[in-house]
Amino acid sequence: MALPAPLTGVVPPVCTPLTADREVDVPSLLRLVDHLVAGGVDGLFVLGSTSEVAYLTDRQRLLVTETVAGHVAGRLPVLAGAIDMSTPRVLDHVAAVTAAGADAVVVTAPFYARTHPAEIARHYRLVAARSTVPVIAYDIPVAVHTKLPAPLLLELAADGVLAGLKDSSGDLAGFREVVTGARALPGFSVLTGSELLVDAALALGAHGVVPGLGNVDPHGYVRLHRLFRAGDLAAARAEQERLCTLFGMVTVGDPARMGPGSAALGAFKTALHLRGVIACPVTAAPQIPLTTEETERVAKFLSGAGLL
Amino acid sequence: MALPAPLTGVVPPVCTPLTADREVDVPSLLRLVDHLVAGGVDGLFVLGSTSEVAYLTDRQRLLVTETVAGHVAGRLPVLAGAIDMSTPRVLDHVAAVTAAGADAVVVTAPFYARTHPAEIARHYRLVAARSTVPVIAYDIPVAVHTKLPAPLLLELAADGVLAGLKDSSGDLAGFREVVTGARALPGFSVLTGSELLVDAALALGAHGVVPGLGNVDPHGYVRLHRLFRAGDLAAARAEQERLCTLFGMVTVGDPARMGPGSAALGAFKTALHLRGVIACPVTAAPQIPLTTEETERVAKFLSGAGLL
Amino acid sequence: MALPAPLTGVVPPVCTPLTADREVDVPSLLRLVDHLVAGGVDGLFVLGSTSEVAYLTDRQRLLVTETVAGHVAGRLPVLAGAIDMSTPRVLDHVAAVTAAGADAVVVTAPFYARTHPAEIARHYRLVAARSTVPVIAYDIPVAVHTKLPAPLLLELAADGVLAGLKDSSGDLAGFREVVTGARALPGFSVLTGSELLVDAALALGAHGVVPGLGNVDPHGYVRLHRLFRAGDLAAARAEQERLCTLFGMVTVGDPARMGPGSAALGAFKTALHLRGVIACPVTAAPQIPLTTEETERVAKFLSGAGLL
Amino acid sequence: MALPAPLTGVVPPVCTPLTADREVDVPSLLRLVDHLVAGGVDGLFVLGSTSEVAYLTDRQRLLVTETVAGHVAGRLPVLAGAIDMSTPRVLDHVAAVTAAGADAVVVTAPFYARTHPAEIARHYRLVAARSTVPVIAYDIPVAVHTKLPAPLLLELAADGVLAGLKDSSGDLAGFREVVTGARALPGFSVLTGSELLVDAALALGAHGVVPGLGNVDPHGYVRLHRLFRAGDLAAARAEQERLCTLFGMVTVGDPARMGPGSAALGAFKTALHLRGVIACPVTAAPQIPLTTEETERVAKFLSGAGLL
């Protein structure tokens, strides 16, 4: 299907359920997609950071995209990450996910090699020139160690290179600069990945949100978005604060024993497992799993939010 | 061939010559290998950062490894980078380069996703368990944004997980801790990637060096290593200082127009082109090429070093 | 006067006008205070980052505090920065500014020496134990290279160590955690220093704002605050966006020639000079002054905002 | 006395002994100076990072400088840190320590406010223009978050602004660039602060070393320097490796409970206390003290080195 221009609403980055031996668990993935669709989301983003894209082999990436795109079958737009270190490698992923049915590709700045704004601009121009679907910029400095500057994004948007932005930078002032600047570019979609600030981002003028926690509670994010669009800001804020409390689950993993990625993805998958959506909470290697005691603390976050 | 234990001497990271349309230039790659072998090097490292591994597609990586391993045909050990974001993706590269003839694999800490020492240890243990060739740790925080701690490296070395270290961290004190600690582990190879401090690293007890500039002047690095081993420290220092001056070529690319990677790799490839080793100085996308005037400045560095 | 608990509204960090030979320009400082009071602000913050506190000698810091506190004479609360590297040095500043009439002190985490959360907690506890006026935490990682964690701030607030927070971290999600957690602590004041996100911060529940740009346009920030409190969110957002455009003046200083501090403080002081508030736009050494052409561009920002 | 040009040899940064109530312990400071002089050092550096300069009040800084300069009475050169955030504040310290008898001042790049190379150059030029004693640049990015570029240092050295460099950056390649470039500037002194790489730094051409661990074992560093100058490189390396092992004491402080500064300075002062040089191992607030068990581990390091 053609990507809506602009894309709006709630577009969760879809977790990738794995089996105990760390293969893609297709039945669980299908149940997760159904869970999200039933929650009322407006699109799906596969192969994002929350999908453990950094840990999936090319074969697994392909399987995920085919599975989700085939199952959704045009009911919702499916965005797919084409996440790799440089233009030539990204182009290979763009070709693969497009062939597998993705309606748009999501692309970060180059990483591993140190980069420069002129090189980032060239990267997006080359990718867009070769992509048959719209290209959305993914600003995630915590992963790629480069911040996409607002003026650069607006220049690429004005030139038709970019169809949108998924901002996971945490820099809401920079995000505002893009939102304000993009008002003159009607089809350009500005989405926030800051799941703790959705009400604030929508108030600035964002089109939508890509919330990792939306895997666990899609209904909550859809409700938050609808309350905001309906003008009930106080209720939207209350819903956001409830979701902020639920997000506390990402802190149960012991930081002396694991990194923040293991803790966050482990909590989301544990919650999906406890809610009966996926069969197994395992994360990809070399991430560290949650303990039984940590799992119980995730359960308490779910109970507290009325989700268990 | 079996990797020497320890591997010693000069093991340059081999540049990847490209054609004007950015395909691997096999004839130039063969000439470059011959140039390095003629220079007297002790091994070759393909698919390292200097090889633009971050920019090469899987198909290109395979072609490079097969080409070099086939051409060398056991005369020298060939190390190959298996550079990717996480354990499952690295394992795919390990399988590919090993099948293509690599005698050892060189592996960084995970990147993109934030990582933790316990996850890094698990990463190397899983890779080593599945690799049929020795695994060498590649410490390059400028690329992966994590420093490999000396105690962790020594633990993995003592457990037989790692066969060596290629240190491009710039932290010579941490490097010394590994060199000193590894004296009890006779086969473990400690190599520096700090091409400006080879004399100092050898004086601490390093086994060898992996110098990017060694593409341009392999004879210089081989001479430096031999002078040091012969005990002529003053002459080794003088040779090192000559090479430091030559290294100044990496500063000719205008930092207002390109990143440090474009400047360094552009200078090395321009120098190889000017010396008649490779057919074309082009670097992979989205890197920025040197201008004619910058190329002339590279030529002056070569003339000054008696290499043109 | 006693600090309001909580302190609310607009509390600009007061620029420190200097003479051409870089002494405190007392007449200009008095005019600036009158300009801010006439703008309707709710308090004044002297010796903050925007006040060039890092550049003022102890003698100058004392003169500024005495001048402003004496002139205000209890009409508004006067907060003073006690900005230095460690507890003993901060305590000297606390004693000095309190004697000079400050109603509260504003204190960062230790800097220069690397610090630890346990040391930061100890720092604030020791400062509060010796201060006769309320202590407000100043979270400014760009200057001190440490982020104050929300749980630590809430613990210190609950223990009565801290009376408030001035957040210049740019991390609105962390700020929200403090705002939400501090609802149970009625006197605690949560102020944002993010002058581009005041509407968003107030919507989360912030008590007020400390805007550097408020020197140039105090009426604008007071209007923004009042519109928000009156519930006219659309008008508040429009006012905020007008101020965001005005803030663009901080980009006129050429980044090839000066740092971002020289550019921002130079623009604010140039604007105050052009508006006739201060006699001289000079900044303290070793900052770089704006050129005539850059000054003209600041003037255009003022004209565009109807301030010239 | 006039500073030797170049200053060479071992110039320890002198710890500042404190009493239990955290005042300067003058008798202990005098004993420490005698201990260092008896060890054969070539100069003394007061008010450096190892001296806890960041924690000392102006009154304490003055007392330290007067005490040491008065006691040394011209037998050795006394360097004093003038460590503060900006030019005007540094100039106040320069005047104070010079009046107290310092033979040279040691000055970092500006900190707290973000800075630019042009501002750093201006800073040193203004300080030197007003100082009556030689100015030595102090490159310590871990504290000031800026690296002094080698070309800038060489430019300032050539212009007579700087008399030397104390390099605590850990970047030995950059240090080498200064050492090599300064050969044309005969009086300029290049000193390393990397106490674990003294043999390597001297081999590159450094004039001397400023080792924090030299408080604990001045004889060791003097021996290392003399062995190197006598051409016995193997014995110099063995002495350096012994000192590296002794340096392990900085790791006994639990990183879950304190920062690296508390751990390192706590270990040095504990060692000086155990060796009977100073009366009390206390460090300045808000640093965290070592426990009894950690103190015992410091003692083991001393015993292992034959120093107890």
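All chains are identified by letter, namely A, B, C and D, in their written order; residue positions are counted from 1 within each chain.
Convention: a residue touches a chain if its C-beta (ideal position, glycine included) is under 8 Å from a C-beta of that chain, and two chains touch if they have at least 3 such contacts.
Since this is a predicted model, take the numbers as computed values, not measurements.
Counting steps between touching chains, the shortest path from chain A to chain D takes 2. Note: centroid distance chain C to chain D, computed from Cα atoms, is 35 Å. Between chain B and chain C the centroid-to-centroid distance comes to 49 Å (mean Cα coordinates, whole Å). Interchain contacts close the chains into one ring where each touches exactly two others, per the touch definition above. Chain pairs that touch one another are A-B, A-C, B-D, C-D.
Residues of chain B that touch chain A in their complex: 22, 49, 52, 54-58, 60, 83, 85-89, 92, 110-116, 118-120, 122-123, 126, 142-145, 257-262, 284-288. Every residue of chain B that touches chain D in the complex is listed here, in rising order: 170-173, 176-177, 180, 194, 196-197, 199-200, 203-204, 233, 237, 241, 244.
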